[in-house]
Amino acid sequence: MRVRNQKKNADLVQYPVAVRGLSWRYGNRQVLSDITLSFEKGKLYSIIGPNGSGKTTLLRNIAKSLEPAAGSVFLNGTDIMDLSTRDVARKLSVVPQNTYIDFDFTVLDIVLMGRNPYISRLGSESREDMAAAEHAMRLTNTWDFRGKSINEVSGGERQRALVARALAQDTAVMLLDEPVSQLDLHHQIELMDMVLSLSQDRKRTILSVMHDLNLAARYSDFLILLNGGRVVVQGTPWQVLTRENIETVYHLDSCIVNNPVTGKPFLIYAKGI
Amino acid sequence: MKRTTKANNSFITISILTAFLLMLTGLLAGCGQGSDKKGNNGAGGVKTAETKNSHGSAEGDADTQPEDKDESTVYPFTITDSFDRKVTLEKEPQKVVSISPAVTEIVFALGQQDKLVGRTDYCNYPEETAQIESIGNLMSPNIEKIVDMEPDVVIASAHFQREVLQKLEDAGLTVVILYGEESFEGAYEAIGKIGDLLNARAAASGIIDDMKTTVADVEKRVKGKEKPSVYYVVGFGELGDFTAGKDTFVGQMIEMAGGKNAADDVKGWNYSLEKLLEKNPDVLICSKADHQKEQLKTANGYQDLDAVKNGKILEMDKNKLEIQGPRLANGLKEIAKYIHPEAFK
Amino acid sequence: MTFLQKKKQYGILFLIALIALFFLMILSGTLGAADISFSESLRIMVSGVPWLRRFADAGSIRSSSRMILWNVRLPRVFLSALIGAGLSIVGATFQGMFRNPMADPYILGISSGASAGATAAIVLGWGGMVSGMGMTALFAFAGALLTTLLVYRIARVGNRLPTLGLILAGVAVGFFLSSLVNIMMFFHRDQMERIVMWTMGSLATATWGQVRILFPVVLLGSAVLFVFARDLNAMSTGEETAKSLGIEVEKVKKFLLALSSLIIACCVSTAGVIGFIGLIVPHSIRLALGSDQRVVIPFSAAFGAIFLVLCDTLARNLIPPSEIPVGVVTSLFGAPFFVYLLHRNKKKVM
């Protein structure tokens, strides 16, 4: 049993999230091998890579849903295993992929659940909690349908509500697991615009697992490209999205152009190799 | 922490294993015995010990007073019942509730039916029982109703639950549980004890003497005669084949009546159709209720038995054999008369 | 409208439910197989309460009537209320914990365990009483708890308790124990009726002793479960989600499992297996008032109590002096009502 040693690792304190030598396996399969990453405060990171590269697994390890087989995750220098579940929840929030909830909660109820880490078991939601929830919902444009059942609203609205919940959790770090994969084009842009604004205004560090390379390129400060459980390359979108990298990892011939609207790289896929 | 988890594990495993071992014991106990009959289960284990107890009780009890056969009962009167409880009746009871068909029959036979204020749904002999209010069924009688009747004594029999006894006693009622081994002696004892309780000793000894005479007469008449094989039908068909094994009272009565129990190779109540067909008994005994005789004529397997083809089926009121009461002797005689008619001319 | 905004309304509604329960219990106390008039029963009840004694004179009433009311009827009414509440609350908790609106308190095989224990006691002939509690009850209680332990051991993976594994283990163990019961019944045909009667559930031999045991168990248990209502809310949206919201999911699961099993073991060992309540009461509350456990748990308790008191009253007054086993009444009368609710909420069905 680990002794709760909250001794901080001095040189990692500056990073809201840091990963050192992280490995994880599922049965015989090595899903992540020796991942080392440092995430800077206030930046928006996208983790990209083909299916099976370990993106979601990496996110789940950072969120403490999974326990590493080797290596560690550090939040502001403290090993995540030395933090209680509640402590982690105050530093780190998660927006899951859109899942159907069998039960009839209102949107506001769902968002208020984000305040859980701050409410003692015997206590109840305070005015402060309500204010935080309202604030989060206004930011995400979900306040107007707060009384509706979470299952009645559209997919886009539901996803925004989940982001509101993570916002209400008032954490320095926010993790998103393929937040827009289920949404139509309009809602994809709408949601990512909102996420981007959160990062710029709040000094909040955001890690997002993304499927769509172009969206990732458009909205992120940095990209991390995974393949086969290892970090292939990390850096700015222009540094990561190169023809060679795409070829190596995705086995696709491609062409990278400059998106005139965003100034970010835009990927045009040619043919499979 | 690893160590405590291991210790925890073994503790848990052991307790679970013990529990299942207990259940398996119950199972094996069932396979081995088979002589557990309806009358005697559920209220404490060993019957022989209890019967011995009742016979060898201290003075002041009714159990060992053969010479006072015709005297009135002296109250306050203490009796040791079949749950081994000493129960005292302060005076002669005027209101009695019976939670057993046997008890009801005996009370009527003793001529004490005016005292009877309550009986079970299953008490249907004699016909006059219909005029007495019912208190529900044998195992879970309506406690409210019984208390409402304000009886001086409640007499119950074998199927009685301890929890019901507890509740009745909590309500301040006097309860006596009477059942003996399933035999003529057991019936005599029950009749005698109820006679004591209700101040009807003379009537009780009269009934017992009559029964003894009948039984002795039957045994004398069938002595030395050839014994036809007799099969007692309890159940047949989809629900299985059941009869009276060699250790059952009915099985013994068949022998006493001058027959040979076809199922004397088993204990208990289970039998197999194949064995029955093999044995091909001379006579079948079945119940008058449910039109069993008609059903047997078309039942699979049974219809091929010689006894069925020849119509050698005795249809009788089963209660004469199964209720530990005054009609047992009649039941015995009925069987004897059927299988040895020439002895009764 | 959320829980917080409706808090006041819920409070009032709950109070009304409790008052309804109270009056129902009194009414139930006036009904029974014995010949006691309505006014007589009221007078007896009032005179039995220390502070109210001067308002009613019950001296003229037969002592047997008073006995019936206080020793036979009232313990039964109280026991029904407690057991109804206990079963419903655990049902509500399981429905949240397993994220399955069709879960009921017996989903982990606990009823089979209790039956197996009771059957063993009956079959081994240990029908006696030990310090006021029947051996059958004690055995049933032990059987129930041991079953939970077994299911827990089977389902546990390292330090975690996967919910799917729990359910599957519960089903498997339940089947196994039911088979054991059937085997024991087969080899002891003469005891079959007794065993089946026990299983069908009955409150006929309710005693104040039983009420005294169940009262703290159900009340405290409900209070504690209510405290975990918010945790359950979060858990019903997903276990990983709940964990990311700061809830120690595995610990909470183990604790809730243990507490629920204790409550159920007490209920089942006292009155047999009374089915259906633990499923439909919480589910109906959910359909009517939403899924927030802070609402579902207290209202399930209140309406569970009301429902079982109602069913028991029917059970013993429909065909006097015979009694219908209460488990039969709950299904017979509960099922059509439930279908009606489902029909009304077709859109919202699961």
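Chains: A, B and C, in written order; residue numbering restarts at 1 for each.
One rule holds in what follows: a residue touches a chain if its C-beta (ideal position, glycine included) is under 8 Å from a C-beta of that chain, and two chains touch if they have at least 3 such contacts.
Treat the numbers as computed from the prediction; the structure is a model and nothing was measured.
Chain C has its Cα centroid nearest to the centroid of all protein Cα atoms in the structure. Ranked by C-beta contact pairs, the top pair of chains is B-C. Of all the chains, the one whose CA centre sits at the greatest distance from that of chain C is A.
Chain centres here are Cα averages; for chain A and chain C they lie 44 Å apart. Centre-to-centre separation of chain A and chain B, using mean CA positions: 77 Å.
If you average the CA atoms of chain B and of chain C, the two centres end up 37 Å from each other. In chain B, no residue touches two or more other chains. Of all residues in chain C, those touching chain A in their complex are 1-4, 96, 99-101, 227-228, 230-231, 233-234, 236-238, 240-241, 243-248, 286, 290-292, 348, 350.
Across the interface of their complex, chain B is touched by residues 32-36, 62, 64-65, 67-68, 71-73, 116-117, 119-120, 122-125, 127-129, 132, 134, 136, 142-143, 146, 149-150, 153, 180, 183-184, 187-191, 193-194, 197, 202, 204-205, 207, 316, 320-323 of chain C. Contact residues on chain A toward chain C in their complex (touch as defined above): 60, 63-65, 84-86, 88-90, 92-94, 96, 99, 101-106, 108-110, 112-114, 116-117, 119, 121-122, 124-125, 130, 146-147, 169.
Put simply, chain B touches chain C in their complex at residues 9, 12-13, 15-16, 19, 22-23, 25-27, 29-31, 34, 36-38, 41-45, 121, 133-137, 139-145, 147-148, 150, 159, 161-164, 166-167, 170-172, 242, 269.
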